[in-house]
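Note that the chains take the letters A, B, C, D, E, F, G and H in the order they are written out, and that residue 1 is the start of every chain.
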Amino acid sequence: MKLNVYLSGEIHTDWRQQIIQGAKALDLPVVFTSANTDHEASDSSGDILGEESDSFWRDHKSARVNAIRIRTSIERCDLAIVRFGDKYKQWNAAFDAGYCAALGKPYITLHDADIIHPLKEVDAAAMAWAQTTDQVVELLKNVVL
Amino acid sequence: MKLNVYLSGEIHTDWRQQIIQGAKALDLPVVFTSANTDHEASDSSGDILGEESDSFWRDHKSARVNAIRIRTSIERCDLAIVRFGDKYKQWNAAFDAGYCAALGKPYITLHDADIIHPLKEVDAAAMAWAQTTDQVVELLKNVVL
Amino acid sequence: MKLNVYLSGEIHTDWRQQIIQGAKALDLPVVFTSANTDHEASDSSGDILGEESDSFWRDHKSARVNAIRIRTSIERCDLAIVRFGDKYKQWNAAFDAGYCAALGKPYITLHDADIIHPLKEVDAAAMAWAQTTDQVVELLKNVVL
Amino acid sequence: MKLNVYLSGEIHTDWRQQIIQGAKALDLPVVFTSANTDHEASDSSGDILGEESDSFWRDHKSARVNAIRIRTSIERCDLAIVRFGDKYKQWNAAFDAGYCAALGKPYITLHDADIIHPLKEVDAAAMAWAQTTDQVVELLKNVVL
Amino acid sequence: MKLNVYLSGEIHTDWRQQIIQGAKALDLPVVFTSANTDHEASDSSGDILGEESDSFWRDHKSARVNAIRIRTSIERCDLAIVRFGDKYKQWNAAFDAGYCAALGKPYITLHDADIIHPLKEVDAAAMAWAQTTDQVVELLKNVVL
Amino acid sequence: MKLNVYLSGEIHTDWRQQIIQGAKALDLPVVFTSANTDHEASDSSGDILGEESDSFWRDHKSARVNAIRIRTSIERCDLAIVRFGDKYKQWNAAFDAGYCAALGKPYITLHDADIIHPLKEVDAAAMAWAQTTDQVVELLKNVVL
Amino acid sequence: MKLNVYLSGEIHTDWRQQIIQGAKALDLPVVFTSANTDHEASDSSGDILGEESDSFWRDHKSARVNAIRIRTSIERCDLAIVRFGDKYKQWNAAFDAGYCAALGKPYITLHDADIIHPLKEVDAAAMAWAQTTDQVVELLKNVVL
Amino acid sequence: MKLNVYLSGEIHTDWRQQIIQGAKALDLPVVFTSANTDHEASDSSGDILGEESDSFWRDHKSARVNAIRIRTSIERCDLAIVRFGDKYKQWNAAFDAGYCAALGKPYITLHDADIIHPLKEVDAAAMAWAQTTDQVVELLKNVVL
């Protein structure tokens, strides 16, 4: 079974590369998509449409441009991996999880045990909770075989 | 126009009461719903089904019980108000916002200016961003009149 | 049959009142809804959330606030009447018609014969084209009896 | 990410060609679709089914024939570009935008700054507003990379 | 259980009255709806919008006006009764049955045994086939109790 | 919060009455629906349409008649309780659970601990697993308060 | 634009072959599907599952087997051509048209002028009415170019 | 017509292989999918995420992991074959049937005559009931030709 997997969440560690390489090493028939993971490029994606003096509108413009790619990716995916790290608010990851839940798209969370409690609503709608990228790769293998 | 409004987000300040009383003072035809806002009761809602030794499963069980009320409230609402405070992760609020966005339910965010940037994806899908409960009441008045 | 009817379109003539009074005179079981039809109030509905120096963002903010009411009205309606006058661009009326068409909500257009050609795509998806408010009232009578 | 993009709007300037060539120059993986953009052919597409003496029905017949292609294109697209020029009513473009909005299809508007106000409802539901075809090409590049 | 029942099909016998009176005699909590069952009024419902010289367009206009009521009735109903008599083509009844089937609305057919074969596709998607209005009333009683 | 609750499953014990009375004792704003729970009446509900010599078709006819009530009840409910006892195959209860899952309707299972393993797929999609009717009543109280 | 076209309706003339060959002659990128058009094979498609003594159940069984192919074809198609001849009841064609209408699938009717009136509801929801297979081929050419 | 067929149900006999080989022998354009049919591997699919001392949670975790594959398979399939054997509860098969029914996915049941009565609700929503794998292959041939 071929699978289209959307990778959502923090961009400060190489968890995406670990999963992609793990899947590649096992030759799994999985295609991965992501939002723009270059922080600066993501924040400035709306600038091409003209500069904004007000930071709210600059963020608004960039976030709506980025949402074109994100929503299309979610709509097309069979499964999402939603990653929460130990820094920052990461509300966009929780937003993506809620978006998936409402569409009936299965998703797996990836986070450490110390944030179980604040993530309980997000985990409750997930199909699985993984703590390592190796576990995610194993789950993908399980699904596609 | 009668309106069913779901109030999502932090439970440590009295923002819900402020909005409800503000709407009442103006005699607005608005019905409000919420998740269980008693922190302890919310965390223990699954205990009636038997105690759990593992905190992940205790959280899981309670969160799924709570989700019955939350999802029914979102499905029924015409509009959601999603509140972010200055403490805690509040991933459940972002999750609710994503859930609303995917269903096409309009929502308004309520938060201070200092968290604009981490909320940019959540705000980008919102119909409005309010900073005070008075503004929310004014918006409700605008919608229902 | 009770009917919920959304009235979309220009706000410079009293076509809404004519239809509402015509329906009332016949005691038809019809409830009417509309967007905010006060031009100035409609343009400034976002100002409560803070003033904007850039006219694009002021319009954006007000239009999104207004959309809460408009979309809720369209979602709830059984039928829309979409009115085009002889002035202004009235793109919002055509937008509402497209929105109805995509949702499978039946709508009736109300306009003079001299703008048949530019409205051909909008009329093609309509259930009927009326030229006078009396005709609209007659159609409503036909539907609800 | 491959993208299917529907180009909606005026047919009197070469904006479609500019975007298509811009995307080609960058080798973007984008497929473009359009309604029939030959004005005369579009107006007469229903004539093959028999001539009409009444101009309303001629328009009606052609517009419904054209709608087969338009709706199929919109249903299939991942993104629409909706162009408004400085002439004509262009209600079909606003209709397409409303249709996209109701389906949850993201769209970008393309128009000059002098028509911001009459397009405020159409822009409010758009993911971005571009003023030049170069900006649109840059946005497409941003989405597909 | 209250039930909203749409009665579709031929208008030359009093089958609707028999069912309505049968349900009334048993005090069943059922509300019935129908298209306009006055043949002449139904054929001329579009005339109010202007006379047509071409019979195709006269039929088209009236049929689209009538469809407002029919589709609203089908969307609202919990169950449809689709009646086929021994005369006329009655393609509108089969059309309504297909419409119900695609929406997942349960329907019951009501017809004599001698037209089983030509109705096999329509019956195959029905929840039941009744031969008499008494049977239909018994079925309604079974559903609502 | 008012709740519409569908009670699905075995008809050989009085679990429905226990839940209904428990909810009544607490004055919970819950409306309950069920399929026809009279075994003999349920098996013979199609007989009114004519007797069948083949038991497969007799079952088929009755089951399709019963499905009108069941599907309408599920479509309308906010929550289902799906009960599995210690006897019989009870495939209809598992079927209802799958039907709810696909529609996104939350459901709670009610069964003893000794059938956890064969019910693991049904429980995995449930919002909660209860072992006693008292627990179900407590859960309902939790949801509606 | 590639198109998937479902051909529904009578099986006693070679209208399907005319359309398929016409499209082939023009090298149109159209794929056609149909129900089983062999009358005898269609009527007996359920016999493999065991013979039936009752003609209603034989028809029922075959019609449900045939419906697997028909519904899959309709779900997949971009456009349907629904043909009505001058013989037989052809209720299945009207059923397919209603099914398409409810799903929002565009369809074209193909029939002579003498049955305009009984087909008025079916034509009213069609995107076009053609009288000859040549016209249908021209319409297909118009859509795909 | 190419077909994607999901095979649901018991894993103790070789019915899947019989159907797959039968389809292969006839060179039918059918792709088959299944859940993980290795009993032990299926029960332990969640273990990679950490061991559970409580058997309910072990089952829960594995069943949710398995559901990723099952739901994706059902969403993608054109037709399901749902097999019931003479042993075990097989509630997951009935659950899958209900899931298909709610999504409007056609399915065929495969079981012996002695369990007709307990399966009457499951059979009533099926497009066909087969008793042998040869019959299933014949039905597939009928659908795809």
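Keep in mind that, in the parts below, contacts are C-beta pairs under 8 Å (C-beta built on N, C-alpha and C of every residue); 3 or more make two chains touch, one makes a residue touch a chain.
Predicted model only: the values in this text are computed from it and were never measured.
Visitor: Going by the touch criterion at the top, tell me which pair is linked by more C-beta contacts: E-G or B-C.
Guide: E-G
Visitor: Would you mind checking which chain's C-alpha centre is most distant from the centre of chain A?
Guide: Farthest from chain A by mean C-alpha position: E.
Visitor: Just curious, how far off is chain F from chain E if you go by their C-alpha centres, in Å?
Guide: So the centroids are 31 Å from each other.
Visitor: As a quick test, compute the distance in whole Å between the mean CA positions of chain F and chain H.
Guide: 23
Visitor: Which integer distance in Å separates the CA centroid of chain B from that of chain D?
Guide: Averaging C-alpha atoms per chain gives centres 37 Å apart.
Visitor: Residues of chain C that touch two or more other chains: which are they?
Guide: Residues 64, 67, 104, 129 of chain C touch two or more partner chains.
Visitor: Touching residues of chain A toward chain D in the complex: what are they?
Guide: For chain A paired with chain D, touching residues are 33, 36, 45-46, 48-50, 61, 64-65, 67-69, 71-73.
Visitor: Spell out the residues on chain H that touch chain G in their complex, using ranges where they run on.
Guide: Residues 1, 3, 78-79, 104, 106, 108, 127-131, 135, 138-139, 142-143, 145 of chain H touch chain G in their complex.
Visitor: Which residues of chain C touch chain A once you look at their complex with the stated criterion?
Guide: Residues of chain C touching chain A: 52-54, 57.
Visitor: Quick check: in the complex, which residue numbers of chain G touch chain E?
Guide: Touching chain E from chain G are residues 55-56, 59-60, 62-64, 66-67, 70, 84, 88-92, 94-103, 113, 115-125, 129.
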